[in-house]
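We call the chains A, B, C, D and E, going by the order they appear; numbering starts again at 1 in every chain.
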């Protein structure tokens, strides 16, 4: 019963977040360091929890309450996997923020929300209770509402509101699904309903929530619009934490816990395929650097969803690893985009060009991350993409496999288009300098990690295989 | 066979209809309180009728007296508010009162 | 010695360390020492020679397996050395020695030299890995690994105009992803990823899709027809050394290797079947089209790149026939191809470096200036055309045989290709070396020594003469019986085609008075002219088709996205707002309306009571 | 038991004595220190409620009957009754009254004495209403509440105040007539109107006029209490009255009066007639209509307090839905929602007071960008909004969840799902409010606005803390309720 | 007894309708007072003596006074009132409705044989005892109500400090 590690891992960022504005009143630097400390603590504790997983004695804590409520925390392989990924990328993002955010107002709130966000993510992945999951889910919506509206302009607020409405509506509908499960099983505790068969309408309702959170067609509209937020925020949202919540929930509910109708192993991949192709198509025509990346996120999330939903071992493992690959690489891409945007004050890629000369390190990091997303070996993305497509093909659905290969082709095309338009071609901004060292270093770290993970892909694979073992 | 209790009930109904009708249709604020009073008369009658029927006439009288006291106070407050409004608007037309809407 | 090296390599991870990691590490070293020319040269020679020795060692050793344990789930790094792949490794190693040498000298003072060498070495590591892989997954890993260096190299010199790089990456990426799909489907149908366990899968249903995807991927990597169009573009604006190494050698080796494996063992390929006809048609179209395009090129490198494409067509025809003759011919052809195309690209590099231009219209009368180069050039030329006594002869004849056996149309195409190739080489060679039209002053003065660069060219040209009959080698590699002999009649027909080219050249030369315009009577022939025009405009460029297709799809998606955004941003909020406003207007502040509402509510409740009761 | 008796009497006698104190003392003195007097009363009320709750819990009592002057012990009829539910209501009354006092320190400049008097009478009315054990007394106190409210709204004799007051008065009187009619119909069959004597046994299935009249009485009483609670379609007076009154008064009206006058009445009805199918259906129907229509109406208002008032309409719908189940869980959920609504609605009205004090307006179109200028207000309003919208982990979420669970359990799955999803409308109108008031550009005339200070700020922080803490500790409350066998 | 009640009920209804329909407020108030008095008669006949006294004195007395004072405070001309409010015109539908509803009620009652019957025997109880002993809550409520009435008069009718 080492559950206290998990609880600490949740509470430190959550409660720490509330303290940050106070720290901010004392000193900005102190606040920044404390924010980093809290997030890093979450990461370290997740690594601690990993030891429990490796020793096959996952940390857990559970307090049963009446009415099927409970406080349950479990650091199993899936939870630790996601916790580590999310908190690590968040660490990098916080470091990056030191360079990015320091000139804006509302920094107190910013760091508070980021910390809260990480705490919510930790809580979400460790919790085994549907209500707790819903709670943390909504906290994350709340954080993303404040963070997207960071600039406090008319348009950003509208977009933030849109995000909030869509994700909260999704969550509410999901909660209705939870109620359905509750009426079936009489409890909200996931550990107690392992293997329970739940009716299809509940699955559909819960899927609605998941899809709205992980921005899948037709509930994706908020995600590209959320690009108005500061770049570290978009990175946090689109790459590291927010959208991963949806796929995590899918993995937790429909892969690990519930028995669902066989038909969903076809329906969900079809949705994913439509989502992937469609958003890739839009990404190819977009001219806003962040929107391209956002549509790319939608497309890549469909890959993850595909892997998780195809029902084959290799697909599920691939999908889980894809989460990690995408977190790291897309996080890096957004941060790179942030550096570019921060330095040249535009997001329109038609106005950019030739930046590789002035900001070579950013360009390198961007290239490294983009290669991972495109699925070029030896980057990590290659393995995951391969495994996911192999998963859908092994489930006998070759047509979808073909569609996803086409989508991968389009991924290559739009990312290359973006990369080349921004960093190559005619130089339009000659006076631009490289971003501040702290920002560049953080994106380089992410780029290099997505390369290194390619060489050490057996490590996450091992963990992902353990997740499969939970079934 | 209709007995007088039933007829009283029906007359009460009609009085309440008359009161409500007055409240809805009239434009004059004081007329509205007359509508209310008319309806209250019916209610008073009902209370006593109930007392007559269940035998607890004392209790019914207690009710009625309390109700009447309240009725009076309501009339006072109503008159006060009405006069306040009269001072503002110069008449007692309920149609003036559309500042708060939507 | 070689055997002991083989022994050493077959233990555990040594194979991957020495065949894959060594080139990669050497590449990094070269990058680090990019300023020191001598060190660079030494490292390059040492590493490439070491690699060659290891490759020879492997090829002489018996067949064996090695598994590297560090791989993700169900993704095996499994290596196997056996005859065919040993042969390819040796070929690659040989070419690599020459390419390295040439490259180091070529990029002596260029700022990008170090980075270029890094990419080259990484690519080579990938090629080695792909050739040695026994599991389809790991092959794909190394195969696609080429993409990144490829893209990087193309960007080196073209910061401002990265179109070629994009095109290359798109087309090669497309073929690679198709390969991925093919591999996934294949391993799914076979139930295993290991090449050594897969044998003669049926080409039907899923197998058909898998086969097509793998073949497209393999041929696409080597630059066959639907994926060819980046090569001429690359020849325009990438360093010559790139052309030498990638389209000239490494990619073709990889592509043909996989195509051969697919046809030979993975799938039960039946000669003369529909799929075979399709592949051969692909090959012949590539052959004829690219050869025809050669006629109008005024750029040496561009011409050679089309030549490379058209020669690839031969290979594809040979392999696609599925007949012993064709496959042996194809394999021969590959070896020849690697030698002469690499040589030709090297020569174009020498010319470009020495005279500062690669435009045929500006270059002429080089006979006296670079006689040694010219000799090599002529050797390569004869080899390409397939003159007896030179390397190309046997392989061409075998492919002719195979194509005639399959269908006479393919044979005619092959002849046509030979004719066009010969004609355009006559055109180029004559205008380059023998014509004396332009004043020499227009050409840049000969720059300094290029002797070092000439060494690999000379070696290659000597190889082109020397080992034209590698019969034994190929048979050893493929393990198949004796091939049918060369028919006399076919040689005559072949000679007729070549002669026709000569006559046509003379006719054209007379007519236009200019070697470069010698083919104008063909180019401007009615009907054909239009074809050329549209080819110039890029109508035949599959990349443009792809972009148009994707663009069209994107446009549809963007339209739909606007619709979706409208729903979210306007429609739903608008609807809520409208309902709200309607309710808002209903509440007009009149007391009577309030009272009516009260009565309405009372009626509602009564209604509920009446209904439920 | 004596202590309980004292506590019960305190709820009536403390405000009563406060009135005397207020009118006896020097006028100037009392105007200066009126907040101490009223604040003390409110605090005492809260303390007494907690104290009584503690004693009842310690003795495991579910209700306690008493009478004020002790004389009726001779006849053996106890006139007042306190139970855990009424104690929760009493606590809420104290809390909201306290907030009202906090606000009034800043907003009320004249007629402070009258404010104190009326607040005390209102308190007596509300306390009496939740403690009585007889339907007629319920009605009496209902009218006490009503009349106090009318006067309070009209107190400053502004046009709007008078208008809101008269509209409230007229519609409220109709409610009184309905309720009295209902009472008389019921008492035609029973001799007494005490809760104990009325039950389902009234409804024999014979088709006789008395039985029909009982049904009519139920209908009339639902309608009457719905008017008091501001349920759609009886809601029209509510936004008018709440908007027009002074903020310290609207917080009372919206925060507690509609709940005591309306919801508590319906709660009493539910205890008596809760098992009747038609009763449940009509409550559920009214509830869901309120939830949706209230939210839709709130979405297109331009006055801060009016939005919040319509939000009350919407939230009352949820409470009604909870009561419509008739199950213990539903009632617990409804009572919980009463509490959480009292907390977050008071917060919102406190915000309104703060904004009105600092900017001089409550038209949201004239505001903008106040978040950086009034951070505490912005923060507390955000928390309140999240609680209203049912976003965990705030108090509003739990009560809403309990209501939905009860609805689900009673077989109204579709209704439950719909009610849950309808809270997105709540989010929608509050997001609009937040956007217009706290975000965006600050207009010129508001550029010098600063954060409100003093009692309003204190109240904001206090209420926010209550919302958060209750939300976070709600599982403990569930454990407690479970251990007492309530759910 | 029944006869008196029937007659009084008829008068009561007529007075009420007249009070509603009269175009003069003063007349309305007087009709209302008359209705109260008639109600007092009914109450008396039924045996509610105390209630009857209070009804007559308070309702037909006090409330009429309040009305008349309110009417006199609003100094609008009679003609103007009629023109402005035209109550008579607006109320013409009322008698028709009442007759229809009344007939319908009677028909319904007769058709379904519905009638009210006494549910219990009359209990002899002293009104005063009941009122003071068992209706304490009501008494408190009444006291407070009257208190509010006083405050209301103080707050609403005083002319000084008009604006906040």
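Here are some notes:
Here is the rule we use: contacts are C-beta pairs under 8 Å (C-beta built on N, C-alpha and C of every residue); 3 or more make two chains touch, one makes a residue touch a chain.
Everything numeric in this text was worked out from a predicted model, so none of it was measured.
Path length between chain A and chain B in the chain contact graph, taken as the least number of steps between touching chains: 2.
Among the remaining chains, those touching chain B as well as chain D are C, E. Of all chains present, the one whose mean CA position sits nearest the global mean of protein CA atoms is A.
Chain pairs C-D and D-E differ in how many C-beta pairs are in contact, and the one with more is D-E. Seen from the C-alpha centroid of chain C, the farthest chain centroid is that of E.
Averaged C-alpha coordinates put the centre of chain A at 71 Å from the centre of chain E. Distance between chain A and chain C, defined via averaged C-alpha coordinates, is recorded as 37 Å. One finds 42 Å separating the Cα centroids of chain A and chain D.
The distance from the centre of chain B to the centre of chain C, each centre being the mean of the chain's C-alpha atoms, comes to 96 Å.
Among the residues of chain B, those in touch with two or more other chains are 6, 9, 19-20, 23, 25, 32, 49, 51, 53-56, 59-60, 63, 66, 70, 73, 77, 80-82, 84, 97, 99-102. Contacts with at least two other chains are made by residues 584, 587, 589, 591, 595 of chain C. Of all possible chain pairs, the ones that touch are A-C, A-D, B-C, B-D, B-E, C-D, D-E. Within the complex formed with chain E, the residues of chain D that make contact are 12, 16, 19, 67-69, 71-72, 74-75, 77, 79-80, 108-111, 114, 117-118, 121, 124-125, 128, 132, 134, 136-137, 140-141, 143-144, 147-148, 150-151, 154-158, 188-189, 191, 207-210, 212, 246.
Interface of chain D with chain A (complex): residues 369, 371-372, 386, 389-393, 397, 401, 404-405, 408-409, 413, 416-417, 420-421, 423-424, 427-428, 431-432, 435, 439-441, 475, 478-479, 481-482, 487. By the touch criterion given at the top, residues 1-11, 13-15, 17-19, 21-22, 25-28, 30-31, 33-35, 37-38, 41, 44-45, 48-49, 51-66, 68-73, 75-77, 79-84, 86, 91-93 of chain B touch chain E in their complex. Contact residues on chain A toward chain C in their complex (touch as defined above): 162, 166, 218, 220-222, 225, 277-279, 281-282, 284-286, 314, 317-318, 321, 354, 356-357, 371, 374-378, 382-383, 386-387, 389-390, 393-394, 398, 401-402, 405, 408-410, 412-413, 416-417, 420, 424-427, 456-458, 460-461, 464-465.
Against chain D, in their complex, chain C makes its touches with residues 573, 576-577, 579-581, 583-584, 587, 589, 591, 593-595, 597-598, 600-602, 604-606, 608-609, 611-613.
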